[in-house]
Amino acid sequence: MQTEKISETTKGVYIIAATPFTDSGELDLESTDSLTDFYLEKGVTGFTILGMMGEAPKLTEEETLTVMDRVLKRIDGRVPVVVGVSHASNRHVERLSKTAMDQGAAGVMVAPAANLKTDEQVYNYYATVARLLGPDIPICLQDFPQVTGVHMSVAVILKLIDDFPQIVMLKHEDFPGMRKLSEVREQSTAAARRRISILVGNGGLFLPQEMLRGADGAMTGFAYPEMLVQSCALFDQDRGEEAEDLFNLYLPLLRHEFQYGLGLALRKETLKRRGAIRSAYVRRPGPVLNATDMAELGRLIERQDRLLRERGL
Amino acid sequence: MQTEKISETTKGVYIIAATPFTDSGELDLESTDSLTDFYLEKGVTGFTILGMMGEAPKLTEEETLTVMDRVLKRIDGRVPVVVGVSHASNRHVERLSKTAMDQGAAGVMVAPAANLKTDEQVYNYYATVARLLGPDIPICLQDFPQVTGVHMSVAVILKLIDDFPQIVMLKHEDFPGMRKLSEVREQSTAAARRRISILVGNGGLFLPQEMLRGADGAMTGFAYPEMLVQSCALFDQDRGEEAEDLFNLYLPLLRHEFQYGLGLALRKETLKRRGAIRSAYVRRPGPVLNATDMAELGRLIERQDRLLRERGL
Amino acid sequence: MQTEKISETTKGVYIIAATPFTDSGELDLESTDSLTDFYLEKGVTGFTILGMMGEAPKLTEEETLTVMDRVLKRIDGRVPVVVGVSHASNRHVERLSKTAMDQGAAGVMVAPAANLKTDEQVYNYYATVARLLGPDIPICLQDFPQVTGVHMSVAVILKLIDDFPQIVMLKHEDFPGMRKLSEVREQSTAAARRRISILVGNGGLFLPQEMLRGADGAMTGFAYPEMLVQSCALFDQDRGEEAEDLFNLYLPLLRHEFQYGLGLALRKETLKRRGAIRSAYVRRPGPVLNATDMAELGRLIERQDRLLRERGL
Amino acid sequence: MQTEKISETTKGVYIIAATPFTDSGELDLESTDSLTDFYLEKGVTGFTILGMMGEAPKLTEEETLTVMDRVLKRIDGRVPVVVGVSHASNRHVERLSKTAMDQGAAGVMVAPAANLKTDEQVYNYYATVARLLGPDIPICLQDFPQVTGVHMSVAVILKLIDDFPQIVMLKHEDFPGMRKLSEVREQSTAAARRRISILVGNGGLFLPQEMLRGADGAMTGFAYPEMLVQSCALFDQDRGEEAEDLFNLYLPLLRHEFQYGLGLALRKETLKRRGAIRSAYVRRPGPVLNATDMAELGRLIERQDRLLRERGL
């Protein structure tokens, strides 16, 4: 079922959905369902599936389609779903994008190809993709240089906004990158340019600061999405101080999940402990938690639970 | 048809086979055949297919199997074929390796996963893969840090040789890396260790020096494989000076092809000019030759042709 | 005046001291004094000067000596001072180390040279330096791959500990790196190996977790060193829960300072607002805070101040 | 004595001068003199001193001034000297540039600071430096991303040419980078823009192709500068085929010297064998040739000598 597409006015929390596996590494579709339900119950505005944190590069093509189909069917149009379609070949980006949209996706997220070095190269990559996908598929730019190695300048982002109306969203994940966020906003205003949606990543580590700088919400996978949802809602109501007070209660654990690589294992383990999935398995090669990691995570969860109880939350 | 597997005693020229496309980017299976024939006519000892220069990451899974099947059938056991099976997921490495061997491959080539940093991490990656593939699938280690970002030390290579008899070959492509080659040989000798096959890459830029340091041949894709074949044969007959004289006639063009990224486009264009394939298309994003590049390449080919004629070659 | 040297039993907080400049970029020696006094008043156990956060690569050799002399004289033996001596040339590492020790430093901190790739290369670099400096200069290994690009494995760290008694401390700043910390501790215990001092960096972002994993303290430059001091003291008294409660009050600001590059400017600005230095100038090229950055920082400081007041701290 | 400054019309061979040391690593000023004489005898058009290949980062400030003074005095205005002034601090770039010009340098070469990521950042870095140095100090942009990690786009180069008349030269050393060279030339012509001097690096590996694409000469340190000089002269006389025939006689050795890192040791050893310097010492940490390396180099030199003799050269 087709839901509304993402657009310049999209805001809220798009959860980066994990891809659940069984303990032997097979797709666990029942957990895919229960995790989808979990996210929906926590009130997320939308989903982003098949991103890096969804272990997309480790799926076969068949698995990719299976996961996409399963999640879209389970959600059944209740909230929009963005599908990660990054790939070494533009042909694959095109094919997967079209399949996703046909099955009811709300838009696609595209990371730059590796090895793009200059503004011109980055611009040309996205320009080519935008032309391939055509005007009807909304695109979210994924700006995540820590992993892609590609640096996307404010100038490139603005020029892409000017030239391609289908580019409607920026996943803001440069680090440090808050100034970039402000510059995109300021230069959009200064030039009476189209204002696109900006959702922030990096596990939400700077969410309050980014909301105050003009972000429209978060696109990240923190295992307590209810906090992201509530914080973004409070910011939306201009209750930033309350939003940040709430955020800070979760900050110790959120910071813990922020560890590159290991973070995915911590996040899956937390989702498992919360009953959202049955196994915390991460496909190999990938991080595996040892006893110390498990105890450390448990202690942080316990501290957070205690704190929330004390506040009556 | 099953051919002999690669082993510690493998030597000669394993050509890194290009994957031909039509001008619109589809697989060109007729060119796959003609290119296979071309390489065979030039006397290559073996093939390596589906490597990075074969644009493997840009193929769909179906295309991957199609290419593998086509090449193996065309060769029909006349020479051994190594199949590149590198992938972000170990499950895929395993599956593709087993499929390849079932269809008659002589062994598999595995590049390290991205983000391996220390000796222990590199060792563990290959140890895991070797155990997954079992003792019957010969493995070629691909040491290509310029592209993978992973540095494989001599100590790791030696320990892998000690621990996994199925690791029988090193594709030596570090740069500069000649000392590494010598150290592997020296430390093998010193410790009465198994001597594995070492075939060199980097377009063959240092082939004569590497042969003198103990390499067993080349695994690269230079568009004039007949030179690689003849040079290696001469080295094998202890006629190193002649081998290097021959090599140097081709060095200007070989050096030209050595340009990272652009090199693949130059190589395909040369193969097209030599009649081996019908289109020089490289899948996007990828390098495209402009008029200056074409003229420059033509001039270098012409100069080489003239020189060869002058020498009666 | 010579103070006690650092050793395997060193613990507590070694503050990474900023280097104060005037608004026109000259050394501000009065601020050097006042900053030194500030750190001492906050109870730091020791100092680390002329590290990367001390803008050491931007000082002339004369300025380097001036800063070293000024700080050592001001401290006058009250607490130990570690001097950063990293340099592209081993000769300079040696010369600066000897000068520092002659003037009363307690030890030196050495980052690896750029471009070291394998365990063997990292080991050989430090082995060479350790031999150059001799047995009497205590060395702190600086493990900071995010900036140096060099990855130091647990195996290398342990082998260096085994072979060079003068290596007495690890500045632990890999990220994520907590497992490395645990492994160094576990493998030291397992092998009845010398237990060296481990002080943690990364702005202290994971201080509580690292203390629980066996760290001996912090070596970082957070602009509220009193929190680091008190937290470490509480951990030392096995009052980890209290320590972490305290830490978490400062976590929002500490996380804000964690931003690479920009962090130094934020830290200097905070130190200026706290009256410790007169100018927040960072030498060019370097980060400059704009009005939004300043307001954002001010708001975070205010929130922290309010929270501390509410807790009667 | 002041020589003519470099300008947009500079062409020929600017030799990247090695910095000779004694076997114990001290500056060897007699060898500095003899090496200077050697380069002059081979007919170089100019010098570039204190670049990366001159081990500039491994010199003390005093040594830097000593070398600069010694070379400038020895040359005594006979040919222009460009001085490398790259440094982490703009203040140092300014100070060293002014000192160099005062002592008779013809211009300065500036590599970008590390960590510049976008076109805007690269532009701003050079704009700041150009303003600091003022209109009277000619600047050569050093575009060497393999070492600096900074990618300089054609757009940035052109904008810098437009905005700063003192930027008169590009050291072209991107790899692969020939298309960049062509684009700078074409876009200069198209826009009736100032045509700056372009001298090529990368050891000269693509010198003939680059001259045909519009380079004005070479700025590199190949140990046989006479070939560079004669080749460039032949290209200047539109005798490109002869130039390339000559070049190709040296190509095997030139390619051998092209090995990053090790290349400097090979170059110094060759200069020593040619009698230009007394010791091939490279400051530590740095490459050291072993017996195999030495024999290999000797064999390549011998082969080249034989070939030159056969041609009566």
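Letters A, B, C and D mark the chains in the order given here, with residues in each chain numbered from 1 onward.
Everything that follows uses one rule, which is that a contact is a pair of C-beta atoms (placed from the backbone, for glycine too) under 8 Å apart; a residue touches a chain by one contact, two chains touch by 3 or more.
As the structure is a computational prediction, the values presented were derived from the model and not from experiment.
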*asked:* Once the contact rule is applied, which chains count as partners of both subunit B and subunit C?
replied: A, D
_Return the chains shared as contacts by subunit A and subunit C, ordered by label._
B, D
*Any idea whether A-D or B-D has more C-beta pairs in contact?*
B-D
*asked:* For the two copies subunit A and subunit B, what rotation in degrees overlays their C-alpha atoms? Round to the nearest 5.
replied: 180
*Hey, how far is the Cα centre of subunit C from the one of subunit D, in Å?*
38
_How many angstrom lie between the centres of subunit A and subunit D, each centre taken as the mean Cα position?_
47
_On a C-alpha centroid basis, what's the spacing between subunit B and subunit D, in Å?_
34
*For subunit B, write out the residues touching at least two other chains, lowest number first.*
261
*For subunit C, which residues count as touching subunit D in their complex?*
25, 57-61, 88-92, 113, 115, 125, 128, 261, 283-285
_Under the definition above, what is the set of subunit A residues touching subunit C in their complex?_
175-176, 178-179, 182, 205-206, 209, 212-213, 241, 244, 248, 251-252, 255-256, 259-263, 290, 292-293, 296, 300, 303
*Can you check the complex and tell me which residues of subunit B touch subunit C?*
117-121, 145, 151-156
